[in-house]
Amino acid sequence: MQLKCAFTGINGVDSLLDDKGIPSGHTVLISGGPGSGKTTFGIQFLYEGATNFSEPGLYVTLDEDPEDIKRNMAPFGWDLESLEQDIKLVFVNVSPVRSNSSERAGLMQLGMKEFKLVKLIEAIRQGIDEVEAKRVVIDPVTMFMLQYPDDTERIHAMKDLIVELRKTGCTHLLISELRGTGIEREYQFEEYLAQGVILLRTIQKSNQLVRMIQVEKMRGVNADTQPRPYEISDQGIEVYPNLIVFE
Amino acid sequence: MQLKCAFTGINGVDSLLDDKGIPSGHTVLISGGPGSGKTTFGIQFLYEGATNFSEPGLYVTLDEDPEDIKRNMAPFGWDLESLEQDIKLVFVNVSPVRSNSSERAGLMQLGMKEFKLVKLIEAIRQGIDEVEAKRVVIDPVTMFMLQYPDDTERIHAMKDLIVELRKTGCTHLLISELRGTGIEREYQFEEYLAQGVILLRTIQKSNQLVRMIQVEKMRGVNADTQPRPYEISDQGIEVYPNLIVFE
Amino acid sequence: MQLKCAFTGINGVDSLLDDKGIPSGHTVLISGGPGSGKTTFGIQFLYEGATNFSEPGLYVTLDEDPEDIKRNMAPFGWDLESLEQDIKLVFVNVSPVRSNSSERAGLMQLGMKEFKLVKLIEAIRQGIDEVEAKRVVIDPVTMFMLQYPDDTERIHAMKDLIVELRKTGCTHLLISELRGTGIEREYQFEEYLAQGVILLRTIQKSNQLVRMIQVEKMRGVNADTQPRPYEISDQGIEVYPNLIVFE
Amino acid sequence: MQLKCAFTGINGVDSLLDDKGIPSGHTVLISGGPGSGKTTFGIQFLYEGATNFSEPGLYVTLDEDPEDIKRNMAPFGWDLESLEQDIKLVFVNVSPVRSNSSERAGLMQLGMKEFKLVKLIEAIRQGIDEVEAKRVVIDPVTMFMLQYPDDTERIHAMKDLIVELRKTGCTHLLISELRGTGIEREYQFEEYLAQGVILLRTIQKSNQLVRMIQVEKMRGVNADTQPRPYEISDQGIEVYPNLIVFE
Amino acid sequence: MQLKCAFTGINGVDSLLDDKGIPSGHTVLISGGPGSGKTTFGIQFLYEGATNFSEPGLYVTLDEDPEDIKRNMAPFGWDLESLEQDIKLVFVNVSPVRSNSSERAGLMQLGMKEFKLVKLIEAIRQGIDEVEAKRVVIDPVTMFMLQYPDDTERIHAMKDLIVELRKTGCTHLLISELRGTGIEREYQFEEYLAQGVILLRTIQKSNQLVRMIQVEKMRGVNADTQPRPYEISDQGIEVYPNLIVFE
Amino acid sequence: MQLKCAFTGINGVDSLLDDKGIPSGHTVLISGGPGSGKTTFGIQFLYEGATNFSEPGLYVTLDEDPEDIKRNMAPFGWDLESLEQDIKLVFVNVSPVRSNSSERAGLMQLGMKEFKLVKLIEAIRQGIDEVEAKRVVIDPVTMFMLQYPDDTERIHAMKDLIVELRKTGCTHLLISELRGTGIEREYQFEEYLAQGVILLRTIQKSNQLVRMIQVEKMRGVNADTQPRPYEISDQGIEVYPNLIVFE
């Protein structure tokens, strides 16, 4: 029973993952603060999959507009639109708040709107079918959890979502908002539900802030769980798997 | 797909923003403690836009009286009233608490008053139309969020506000009150909703307190995310993009 | 548009305030722990105003009896009673808890009593009229806020109070109880509402505790925002504007 | 207007209080952790008053049985029973939980019992009349506050209690339970209501724990507010007013 | 009025207690974390009392089965069963959760069960009568308090329990679960209610964890309140009263 | 009364347990963060029992699918399927969320589902009977506790579960999710209910993170309670009982 894995293709990340990548079909949480490059990580994972590993991808956005995401990714020179045209990448916008009345000025669709898990799953399945996706990114899953103010309900909703995602067979990243900046912190419950957790954080090292990535867990892979420095360059995420972050 | 940017014009800030500025039409959070110069940053952004970049501006105040703001800005020597007369700057006061009974002494309008998102957006649109604004500042957005005690509702209200603001095409700063003084801190949810976050904080360095500015994130811009020292001089905000704040 | 200022007259404080003082008509929060000299600061501000700057003052007490305050101030040698007789100083006691049955022993007025914002404003206006006050101190505003257990309501009540106080044209100090001893702390919302904030705190320096004053903000004034040592001597508050408090 | 003071008579404490003691009629909070000697401080204050300063005293106990207190104080060699016989000291037990059914075994008076402020004040007044007390100790006032789970109500109840206590003209100590061990701490609201606050705490100094006393505030007295070491010897509380506690 | 004391008999503990032990009839809290030896302390106290000081003992268990406790104590070589046969020791199991249906498999008694204070006291009295106990241990009192979710009710229930325990004249230990590992901590209210508090904790010293015992308070005894190292050896608890734990 | 023990068989763990292992029939909590190897510890305990100590085992999973667990354990080379065929190991899946509609695509079983303690116990008993299990692992017990939002109810439910597990006579591990990363932490109540607690955590040592295991308590065993380093190698958990983790 050998685990099949999917290379992330992100510079240095697969080195942390025993040169194997993420086990195919697994749930991996990408958790980081604002500006930590979570979305970049997700897009790069799909871009690499579609371009180099024959794995088409689905990007499910719960917050930002796909056009905004694509525009923000422009500096990295990934030709996402070609991928879309070649049916190797698809964006699905399931943002619970959406104003689709740009024509009729003055008419605004305001207030809180819920979306159901069933609808979310349906949209994901359609997106997967559209490009025969092998990789899925949900960004941010925090926006989904927000709909369940009750702790127990929220955990069960997350479990249900994960169960359905696993059924698709796709390797899927759940992008999650980290609660705080501290190295000492409370675990977030989704870290326990996921099969893999990759943290994107920042620490002070000598006289500057340094970005650090840490594979907190990766079921089935003998991962390097030490924190390692990374940068967001014009190549996207770049991890330095042989450098240390602690002084 | 090249991102168009708006120079802030604030001394040293554009250096942090890859000599480009803020992507046009984006939502940027300016978050700082009391006395950190948030309002000065906002006014300076509009003043520079109107004076040097042909971008008229709208200042939406939810707390202070425009007259008070203008008087407080007097030491910086920015001729805001000329800009108002030249229809390059407009102030809109949407403070939820307002006493408009100065004539009739003894009659006071007291207690809590709500204002609706729809009304806020309407006021913003009118203000934009008035000066054909390209830049908008909302100060402080905290006062808007205060009306939504429920976490989920508050996040959705903020998302709705941001969606409407983006439709205007204006580059907009949301001024936000930082919760605490600690460098280790919980993120505030609005940092995740905004496309850019600039923090204005204070740390102890050798034997004094030093003001530090940090571009926590700026989507689409290869920003310098290191904290840098800044001062509030008679020129307004002045950032030292080449100095370090950590000892 | 030049800001008119009021000298505090307190030794060393005006040096921190660019040798100008507090902008006339502004709201300034004086926030400190128990025993930090907040009341002394307030009384000294009124004493100096009435004696040296021809600005009569109103002291609004929400907690302590005016007689107690005067007795406690006796060591400083300020002749408050002469000022009262000369109609340059007036005390108004609006303590929500007041037992006015000293004659009838055994009859006590116990329990919680509310007082309305309208009544408070009315009392303040009468006090101002009585001495043609230019300076007002409210001590402690914390007791006023206590009546509003709901966060949103409390902030709005404070805003309403401040709006009414500004209408009087008087420079006013709001004395506020600091929540904790830590240098790292959550900001208190009233720090955002006030135009100026002066903190009175204590830190350990070498082998003793040192009192430190910090002008956290002062709108319209190029204040020294570094913390500085102060003492409570028989002259009242004495600030050392050229000394540092950090080792 | 010269403040009349009452010597505590406790070794070294009056030195901290400018060699004057506590202003007569004032409210002083004695706040400390378990085992810090709060009760010893209170009894010693009354013993010294009755023996050396012709000020009879009333000890109001809300928790422990007077017999227990007296037995615990035995090692200090204060002849409390003689003072009781000479009508210079009286104990009043107003513990809200009291089982007065010692004769009828098997019959227990269990559950929560409230006692009213009015009843408490009445009991205090009777106790004062009995010995013409000039000093009152309430131990612990925490047990009284416990009856008011609502914050606002509790503060007002404390204010009411203090108002009534001041009317008696007696110098009174309110013994209060400190919430935690940390030097950085949230202030307890009763510290703001009292005119004086004396803290009894413990810190680690070199390789041992050291008891430290600190006069946090004392209205009307130019107190030494530095923390100083103290011990509980067979003489009771002994303060070393010239030693420092910080290394 | 000389305090009669009961030697604990535990190696080194009586040295901390001025070579006297615990005042007879007093309430002493033994508070520690999981694995700190609280139960061992309690059993040893009873074993020593019954064996060496002619004081029979009652062990009231609210959590573990007496058989489990006895088996766990086996390594220490205390012959508890002989003591039971000699009517010098008795265990009473008042665990609120008890399944007494071992014979009828498949039938389980599940869910939350309350037990009343009155029943608890009754059971204690019967146990005391059975062996003419002079010492009582309640393990853990935390399980009793758990039944009172309301703070005020819980404190009063504890006070009632203590009042009833004191009436028995027995010296009694209340075993309490410590909330956290930190040296800086919030006091637990039961520390204020008890006449003595002994803490069993762990700190890091050089490169290992060290167990430390501290007599936080002991009314009526001139105790050594410094923390001291202890071990759990095959002799039970062993305290080193002359060693220091801080480096 | 000699305690019978079960060797864990995990490299180095029995050395920490006085070369004896876990007392047979006891409840032991295995508490760790995400990625700490809790599940590996549990599987290894059963594998070793079934292979080397003639103790068949039952693995009760409340979260992950048994197939997922087996696949994740593949790298360790434990032939779990042979053990299942030889009736020496059985997996029971009692996950409260289970979608059993894989055939009928589009039909999803979503939302929160509760499972009753009685059902859980029944399933455990059946599993035990099936293989005549002597060892049971419940992974994670956190998912069981989640069903009881009320603190008191949750503690009682845990006690009931433990009582029923002890009746089976099996040595049982309860796998528990640690709340946070800090070394200073609040204890979790289940640490008090279990007879043994083993913590799996991570600390920074010089310039890397190090995994550390600590036997916090083990009733009836003279365990080494110092934290010791461990690794997750291709042999599973490997503990270094003679190394220290603190610098």
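Per-chain numbering from 1; labels A, B, C, D, E and F assigned in written order.
To be clear about the criterion, a residue touches a chain if its C-beta (ideal position, glycine included) is under 8 Å from a C-beta of that chain, and two chains touch if they have at least 3 such contacts.
As the structure is a prediction and not an experimental result, all values here were calculated from the model.
Chemist: Could you run down the chains that neighbour chain A and chain E together?
Modeler: F
Chemist: For chain D versus chain E, which are copies of one sequence, does the interface use mostly the same residue numbers on each side, meaning over half shared, or is it different?
Modeler: Since fewer than half of the residue numbers are used by both chains, the interface counts as different.
Chemist: In whole angstrom, how far does the Cα centroid of chain A sit from the Cα centroid of chain B?
Modeler: A distance of 30 Å separates the two centres.
Chemist: Give, as an integer number of Å, the spacing between the C-alpha centres of chain F and chain D.
Modeler: Chain D and chain F have C-alpha centres separated by 52 Å.
Chemist: Mark out which residues of chain D touch at least two other chains, giving numbers and ranges.
Modeler: Touching at least two other chains: none.
Chemist: Name the graph shape formed by the protein chains and their touching pairs; answer line, ring, star, complete or other.
Modeler: ring
Chemist: What's the ring order, kicking off at chain C and moving to chain D?
Modeler: Here the ring, read from chain C toward chain D, comes out as C, D, E, F, A, B.
Chemist: Help me check something: in the complex, which residues belonging to chain B touch chain C?
Modeler: 33-35, 63, 68, 70-72, 74-75, 95-99, 102, 108, 110-113, 140, 142, 146-147, 149, 177-182, 204, 206-209, 232, 234
Chemist: If you look only at chain C, which of its residues touch chain B in the complex?
Modeler: 1-3, 117-118, 121, 151-153, 155-157, 159-160, 163-164, 167, 183-187, 191-195, 197, 215-220, 222, 225-227, 244, 246-247
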